Amino acid sequence: MDIKTARAWVRAIAASVEAGKDRLTRLDSAIGDADHGNNLHRGFTAVDAALATHPAATPGDVLVTTGSTLISKVGGASGPLYGSLFRAAGKRLTQSAPTPADLADALDAGLAAVRKLGSAQVGDKTMVDALTPALEALRAAAESGADLPAAAHAAAKAAADGAASTIPLQARKGRASYLGQRSQGHEDPGAASTAMIFTALAEAAG
Amino acid sequence: MKKFLNTADSFLADSLAGLGAAHPALRVDIENRVVTRSEGVADGRVALVSGGGSGHEPLHAGFVGDGMLAAACPGEIFTSPVPDQMLAAAAAVDTGAGVVFVVKNYTGDVMNFDMAADLAGDDGIRVETVLVDDDVAVQDSTFTAGRRGTGATLLVEKIAGAAAERGDGLGVVADIGRRVNAASRSFAVALTASTTPGADRPGFDLPEDEIEVGVGIHGEPGRSREKMRPADEIVADMMAAILADHRDLGSGSDAIVLVNGMGATPLSELYLVYGRVAAILADHGVTIARNLVGDYVTSLDMAGCSITVCKAEESFVHLWDAPVRTPSLRWGI
Amino acid sequence: MKKFLNTADSFLADSLAGLGAAHPALRVDIENRVVTRSEGVADGRVALVSGGGSGHEPLHAGFVGDGMLAAACPGEIFTSPVPDQMLAAAAAVDTGAGVVFVVKNYTGDVMNFDMAADLAGDDGIRVETVLVDDDVAVQDSTFTAGRRGTGATLLVEKIAGAAAERGDGLGVVADIGRRVNAASRSFAVALTASTTPGADRPGFDLPEDEIEVGVGIHGEPGRSREKMRPADEIVADMMAAILADHRDLGSGSDAIVLVNGMGATPLSELYLVYGRVAAILADHGVTIARNLVGDYVTSLDMAGCSITVCKAEESFVHLWDAPVRTPSLRWGI
Amino acid sequence: MDIKTARAWVRAIAASVEAGKDRLTRLDSAIGDADHGNNLHRGFTAVDAALATHPAATPGDVLVTTGSTLISKVGGASGPLYGSLFRAAGKRLTQSAPTPADLADALDAGLAAVRKLGSAQVGDKTMVDALTPALEALRAAAESGADLPAAAHAAAKAAADGAASTIPLQARKGRASYLGQRSQGHEDPGAASTAMIFTALAEAAG
C-alpha cells in the first residue's frame, strides 16, 4: 500500500460515510442513541481537512493523522475506538511501501488497541465482530500471496459478513447492551461502519 | 419535530453563545467547547470538571459556578466530548490542588475521559475520576457496559463541589463523590421519545397508549415497553425497582430525592410524581431530608421523568446545604 | 397526549399535594386551593397575592416565599380561580398593611379578583390591584378585552414582592408593580399546542411545518399561523413586535429580559433564543441589566417561548437583586 | 314559575350541560381555551349538590343559590357572569309564584348584572348575543299573555338564533377577541351555553 492508496482509502471512507451517514444513524437509533453516522461524518470530514493541510509523508503517517483526528473530533465510543485503531495501526506501519502482510500486522495492532480500550470479545455485538474476521481474511489472503486488491476484497467480504452476523446477537458492550434482549434483531452500527471501512479499502486498492 | 434552531450544525454553538450572553459569571469558549467560571477557582481549591454529550441541559454547563463545577465540557448532542476538551478544561482550572473528573458511565464518556486523564497526567495535573452509575434499569455485571450515569450526577456534582469549595483535598473530594454515587439509585420512564436537532424523526416511535420503561438520557429505547397507566402505578413500579436494589436504604434512613423532568414534562406533573414518591418512602420509614423537583438532567424534548434516591449521610446533607451559585442551581448566596 | 396523572379530576389536587410535600416552607391548602408561606408574612408588611388558572407552573405557587408572593390561588387548569380563594388568601396573609392583588388581564381573572376585592373590602382588608397586560400580540383598545398578562407577571411579582419585603406601604408597592407592568412588553410563539389533562387532543392542530405566532398562555391559537423558519428569523419578528410597541426603550436604556419556555422547549433552545435577543437589543443600544432564561410562565406541555423586555429603572434592578427564596426563584438567601 | 319548576329548570341545565360538555369545550377550543364545558359542568354539579343540601324556599332562592354557587365554583369568565345572572335574577324574583312577566323582569336584572360586569354589547360575540334576544322574546310573549311554557319556548328559540348569529362575528370581548379576524366562523361557546339554558327552561316549564 503506497501513500496514494492510503490517502485514497481514507478519502473513500469519508465518501462512503457521507453517503451512508443516515443508514448508520438509523441503525444506531434502533439500539443506540442515533448519532453514529453523524459522529463518523464529523470525524472523517475533519480527517479530510487535516490531511489536506498537513500532508502525510508515509502511509503510516496517513493512518496516524487519521486516528489522532478521530480522537480529537468524534467523541462518543467510536471516536476513541476508531481513533486508536488507525493510530496504533499507523504507528506500526513504518514501511514506506507496506505489503499486504505489513498492513495485516499494522491493523492487528489497531485491533489490539480497540480491544484493550473497549474489552469487547467477538460475539459482544460491536465493531470487533466485523474487525476480527476482516483482519483474519486479510492475513490469510496475504499469507497465500494475494496482492492488496485481492486481500482487501477478501477482508471487505469478511467484514460485511461479520457485520451481518451481529444481527441476531444480544449486545454485551456499548449502549445497545442497555436494551438487553431487545438488542437482538438489529445490526450493530459500529460493525456496519467497519464493513464500510473495508469496502473502502477494496475500492482504494483498485 | 420543530425546534428553535438555525441549522443543525450551528445549534450547539448558537446555544452556547446564548448561555455565555446570559451568564457573565461563565466564560464560554465556543471554539473549544469549554465552559469555566469567569472568576476562576479559588487558590488551592480542588476543581471539579464534568462533561458529556449535550442535550441534557442544564447538565453540565448550568452547574458551573461557586460551590459546584469549575468547568464543563459539552460534547455534541448525545455524544461524549473529546479528550482535547477535558484536557483544556483541566489545564484552565487546575490550581495545583488537582482535578476531579465527574464521568457518567457510558463507554464513550469513560474512554474519552480516560484518555484525557492520561494526557493531563503527562502535563503534571493530578486527576481523580468519579464514575457515576446509578441507573438500576440496567443490569450491572462485569460482562456488560454496567449501569448508566443519570440523575445522581447532579448530586455528585453538588455535594463533591461543596467539598471542593470548602477546601477538601483531591482524594477526599473524589471519595465523597464516589460515596454519593454509591448511595444513589435512579430509574426513568419516557412518555415520548426525543428528537435530535436535525433528525427527521424521534429516536423511537411510541404509540399514544404505550411508554418506555427504564430509559436512559440519550433518547434510546428503554428496558421494556409497557402500556400507559395511572401515574401512581408507574411511580410505584419505578420506586419498586429502586428500593429492590437499594438494600441499605431502610426504616430510619435519610434520603436526598430528585424527581427530574426529561425536558417536556410540565412541573405540575413532576410534583404529582414527587407526592407519590414521598408517600412511598414514608411507608418505608425513609425521611426525605432534601429534595429537588424540576428539569435538571434532561433528554432534549423527551416527556418523561426520572427518580433518584440517595441515601444521605449527615455530611451529604450538610454539603448539600452549602451555598451554590450556578445558572441552574442556586441557594444561600 | 400522555401525562403523569391518575384521573383528570384529581390532577390538580395530586399535584398540589406533591408541591406541599416538596416544600415545607409552603402551606398548601388543597381543599381551598390556597398556597401561603408556612412562616407567614412579617408584621406590618404588605402582602402580595396572585393567582390564575393552573397549567402555568411554576407561576404562581412556585413564587410564594420570602421576597415575593405571600399567597397564590391556583384555579382549575387555564381557568381563573374563584373569589372565595382570593378572599381566603387575603384574609390569611393580611397583616393589616393591606394586600396587593396581582392580576393577569383576562376577563375571567379580572372579574373574579374584582369580586374578591369587593368582598375583602367588606371585611376591612385594604386591597390594591395591579393588572398585568404586557402581551403586544393583542391589540389594545377600549373596545376589546385588552392585552393579556403573560411573562411580565413574574417581573411584577418579583419586584413588587421585594418592595413589600423591605416594608414599602400598600400604595407604593402597588405603584411599583404598575410601573413594572407599564415598562414591560411580551410576545410568544408556539411550535406545538398544549393538551389539557383529560382532553383527548391538543387545543389546536399544528402541522409539522407551521407555527402559531402571538399565542397566549392558555393553549389558545395565536394571532396568525405562519410557516416554520429559522430561529433567528422567528426571534427577529418577535423582537420587532416588541420594539415597535416599546417606544421609550431606546439607545441607552437598561432592560430586564425574560426568555421563557412554554413547558416543552429544551433549555438549550431557550439559550439559543436568548443569544439572538441579546444581539438585537445590543444593536438597539439597549443594555440587558438582568436576565432570566427558563420555564417560568408556561402553558402545560406547549413547545414554544415568550420574550419579555422590561425597560428597567434603576430601582427595578435594585429590587430585582433583593434576596428571594421561593421554590422556583431563589437567590441571595 | 313555581319552586318545583325553578328546581327542574336548574336540574335540566345541569343535565344538558353534562350532555353538551364536550361540544361546549370543543367550541371553546376553537376560539378560547377549551374549558367552557368543564367549567359549567363543575358549576352545575356543585349547584345540584348545593340545592340538595340547602333546599331553597322560593323560586328566587333557587336562583340565588344557583348564582352564588356558580360564583364560588366556576371561575373563569363564565363563573362570575352566569353567577351574577342567576344571583341578580333570583334577588329580584321575590314573588312566591312569579308570572312570566315577573321572570322576564328578574332575568332583565340578571342581564344588567352581566353587562355591568363584562360591558359586552350585542354583536361582541358573547353570551349577551343569546341572552338579549332570549329576554326580548320572553318579555314579548309575557306581554302578549303567553303562559310560561309558551314564553320559555319563544325564549329558547330566540336564544338559539342568537347563538347562531355569533358565528360570522369577530369577537370583541373575552378570549376569542385575541384571535382578531380568526374568531370569525365559530359559534361563541358562552352564547351556545346560554341557548342550552333557555332550552332547559322550556323543558322544565313543560
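Each chain carries a letter (A, B, C and D) given by its place in the written order, and its residues are counted from 1.
The rule is short, and it goes like this: a contact is a pair of C-beta atoms (placed from the backbone, for glycine too) under 8 Å apart; a residue touches a chain by one contact, two chains touch by 3 or more.
For each chain, UniProt lists the protein as follows: A, D = Dihydroxyacetone kinase-like protein; B, C = Dihydroxyacetone kinase DhaK subunit.
Just so it is clear, the structure is predicted and the values come from calculations on it, not from any experiment.
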Key: Chains touching both chain A and chain D, listed by label   = none
Request  = Quick one: report the Å distance separating chain C from chain D, using the average Cα coordinate of each chain.
outcome  = 32
Message = Can you compute the centre-to-centre distance for chain B and chain C, using the mean CA position of each chain? Integer Å is fine.
response = 29
Inquiry  = For chain A versus chain C, what separation do you get between their C-alpha means, in angstrom?
reply    = 54
Request  = Treating touching as the only link between chains, describe the layout with one word: line, ring, star, complete or other.
outcome  = line
Task = Go through the chains and record each pair that touches.
result = A-B, B-C, C-D
Remark   = Interface with chain A, chain B side, in the complex: residues 53, 75-84, 106-108, 111-112, 115, 137-139, 143-145, 148, 196, 199, 203-204, 216, 218-221, 223-224
Request  = Over in the complex, which chain B residues touch chain C? Could you list them?
outcome  = 1-7, 11-12, 14-22, 54-55, 57-58, 62, 191-192, 208, 211, 228, 230-232, 234-235, 263-276, 278-279, 291, 293-295, 298, 300-301, 303, 305, 325, 328, 330-333
Query = Mind pulling up the chain D residues that touch chain C in the complex?
reply = 25, 29, 31-35, 38-39, 42, 71-81, 117-118, 172-175, 177-180, 182
